[in-house]
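Once you scroll down, you'll see the structures, which are given as structure tokens.
After this come two complexes, each holding subunit A, first together with subunit B and then together with subunit C.
Up next, the complex of A and B:
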């Protein structure tokens, strides 16, 4: 029983972090229709940058984190401004391919600047674990869930009530009509990339405070993809629901099936889910079906 | 005042669509641009609003002036900030947003919140139907309601020049009357200039002060609304009345008898 609760809590909290990173994907997809394939690499580079700031430079946390957020915003701005904006008006496939190029570029830059393969962030949360019933949850997991939920809440308020958020959703529906209202669409694109990179950075910090900085962070990006596909490419709610589902499936499946089957099955489970979902509901659990008036 | 002088537009540097179009819109007046499909009416609007660029179009010659300053090299958002707002053809609402959110996107560039609130109330007064539907998803509104929404969204930007692209397209005659009444009312109450593209010549000349008729990318005839209404060519070819003013009978139609004099 304790084992079950352990798997469930771990699964849900890790799933929340996946959901957070997935939100960044949904944001870019919704506003510009571009699938950002560099998701995992963005998580990777911001985690390493955090390591650089906190460990190598030795900055305190209160100074280091704002710098990481600034770095992520800058990264998003540069990516949009110099890699994607020149391609506006080109076929969407070219834009998606460019994000793949960015992914490899970042990966190369990371192994050039930080040749180590593994590193650990300093302890961010108290060591004392939290007891929930019979299960023991370490503080990292607990705070990961709390921070993810808080950010999700803030973002959904932003999209519902802030005029920039509403405009971002409008761009998803009809770019040209947004331009006709005199709204700078390019500014909205760069804003959504900045948002997405910040989410990836926060996700990266949370993940690496749990499991250290490894190359496995790129896989976190891949799992965020499966979250997005399960929840629906254009649905924020979908991401936040599908995240814990993927996390649960991964941890429960991994926990109970590994002794029966083969090691590493937990890594495969999210992708099995993708395939099943694509067969049954190609637009995901909460994806918008196109409104067609007849 | 808006003034176009000998504007030429080409798409992809190859396909020339406008051949030296000149027209002007006086402050506070309603000017209509009439013509058949493919005459270049929408292209003219897009040349003014700067939306040509997203379609690989370009003003290759001539100039567009707004209150004495050239705007033909400005981007769509700069032109929008000057107060030139276009409502696109074909009821392009933001489908997944609700009615009120659509209207707020129209007011994006305005920072004076009380004034935006006031305009929202004004728009709801113009179209009470939209107030009833303000929390409904725009994609599920009826055609007439969507057209009301598109016009209202443009009004929410507090335009100095409102450009409407075929607001009567595909609507029932009663709705067309209603929408045109509101356009006229908005123009008289706010002294906003309106540039109206239409195929429905009768209703457009009903509210316009001045009109231009386009064919094949050229302005072929222009004049006051009264002049155009009484012009024999316009009556024959665009309104469907014979020279005597009676409704045309297709039994007696003789195509060889009249030719457009401007050709």
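Up next, the complex of A and C:
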């Protein structure tokens, strides 16, 4: 029983972090129609940057985090401005592969600047674990869930009431009409990239405070794809619902299937889910069903 | 076709010829002579590089058929190469079957794996397909790492050198002839495939799948054929790679390698026969340049960060991919066409 509670709580909280990262993907996909496959590398480089600020430079947390957010925004802006904007109107194949090039570049940059492959962030959250019944869950998970929920709330308010958020939703709906209304569409594109990078950075910090900074963070970003696929590519709600589902499947499957199969089944469960969803319901749980015409 | 002005073909054979004029044939024989006398004056090191390039050309040609002609983006190519490599390794090492059996079954098993993971392409395309091939990559590598009784798991597996009918290909020079022979065969077949019914169906599917379907092309059928051929070639390349390296583990087939193959066909030019050749040569030579130059740079500039040697490679490749997509999306093949045209029109 204690085991079950443990798997469920870690699953749901980790899943929320996946959902957070996935939201960044959905944001870019909805506003500019670009599939951002560099998500994992964005998570990786922001975590390493946090490490650089907090450990290598030795900044206090209150100064370090705003710098990380600024860095993420700058990264998003540069990526959009110099790699994506010249390709507006190109076929989807180019748009996907250019993000692969970005992924390659960032991964190189990470091993260029931070040659060690493993590091740990300083403790951000209190040390004593939380007891739920008989299960013991460390505080990181609890705070990851709280921060993710708070960000979901803030983002949904932002999209509902803030002018920029409304403009973003409008761009997602109809680019031509929005441009005719005088909203600078390219500016919205770069804003959505900045948002996505900030979400990736927050997700990266939460994940690396749980498991340390490794190249496994790239896979965290890739697991966010299974969240997007399951939830539906163009649905914010889908990402938020599918995140905990993926987290649960990963942790419960990892916990209970390992004796039956080879160890490490946990790592591939999200990818197996991708293949299953693709075959059964490719538009996901909440995604829009597209009807294509010639 | 891109014939010069005033030139026309008078019969069908002429129309179908890949090498039309005497000059073409002369250039071809010069190239082949250069290639096949290569082992005489290239060092062992550069022969190794040439072998790797040859293997890469085969794999990239496969990916080009799948992505360049048929438009199905696959980010799991290294995974399918791994399937071929391990099939061949397991058959020749554990079951002691001859190399040729390993080679052919590597192609077929990898092709089959490609077809299985290509099934989602019936319903999805573009980004969705890219994601499902990433999933394929991870699932394949996971199976290889954990099915230790067959594949050797994380420690890896050793592969006996290739041998056909009593001749064993142990030295780099002898492997060079084996690999280059297969490369030429593959390029010839790929060139011809593009001109057959399946090849033209692939292009139709790439350009507009709905229109292709309306014209009577069975989408699912042809997409699966494209997956099979693309991954078949990946398997052949994998088998050659296994017998060439002699020892391998799953570290040799990461997702970064898959991205590198996509980079190759983009740099070379999607949907052309020469594209994968140019792409494979330029990426592998770039890798050589980086591995040769970066230690020297590090000794000249001691202030360079410690991660310079490992980091600079991916950074350069990423940048090259991005720049080619932005500045020359038609790749080196387009430059090659321009060069040939200006040669033909010289002195104008």
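In the analysis below, the second predicted complex is superposed on the first by the 289 of 294 C-alpha atoms of A that agree within 3 Å, B and C clash if a C-alpha of one lies under 4 Å from a C-alpha of the other, contacts with A are read in each partner's own complex, and residues count from 1 in each chain.
Note that a contact is a pair of C-beta atoms (placed from the backbone, for glycine too) under 8 Å apart; a residue touches a chain by one contact, two chains touch by 3 or more.
These numbers were taken from a predicted model, which means no experiment stands behind them.
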Next on the checklist: After the overlay on subunit A, what do you see for subunit B versus subunit C, clash or fit?
Outcome noted: fit
Item to check | Superposed model, angle subtended at subunit A by subunit C and subunit B (C-alpha, nearest 10 degrees) | outcome: 90
Next on the checklist: Just checking: does A:170 make contact with subunit B only, subunit C only, both, or neither of them? Give me first, second, both or neither.
Outcome noted: first
Checklist entry - Looking at the overlay, does A:178 come into contact with subunit B only (first), subunit C only (second), both, or neither? => result first
Item to check | Which partner reaches more residues of subunit A (counting touched residues only), subunit B or subunit C | outcome: C
Next on the checklist: Between subunit B and subunit C, whom does A:106 touch in the aligned arrangement: first, second, both, or neither?
Outcome noted: second
Checklist entry - Touching A:274 in the superposition: subunit B (first), subunit C (second), both, neither? => result second
Next on the checklist: Quick check: superposed on A, how many Å separate the nearest Cα atoms of subunit B and subunit C?
Outcome noted: 17
Checklist outcome for this item: On subunit A, the footprints of subunit B and subunit C overlap at residues 293
Item to check | Complex contacts: residues of subunit A adjacent to subunit B | outcome: 89, 163, 166-167, 169-170, 172-185, 288, 291, 293
Checklist outcome for this item: In the complex, the residues of subunit A that touch subunit C are 29, 35, 37, 83, 86-87, 90, 92-94, 96-98, 100-115, 219, 222, 225-226, 229, 233, 262-264, 267-268, 271-272, 274-275, 278-279, 282, 292-294
Next on the checklist: Can you tell me which positions in subunit C touch subunit A when the two form their complex?
Outcome noted: 67, 71, 73, 75, 117, 119-120, 123-124, 126-128, 130-132, 134-136, 138-139, 142, 145-147, 208, 210-211, 214, 256, 259-260, 262-263, 266, 270, 305-308, 310-322, 325-326, 329
Next on the checklist: If we count contacts the way the header does, which residues on subunit B are in touch with subunit A in the complex?
Outcome noted: 49, 51, 54, 56, 76-77, 79-81, 85-88, 92-97, 101-102, 104-109, 137, 139-140, 143, 153-154, 157
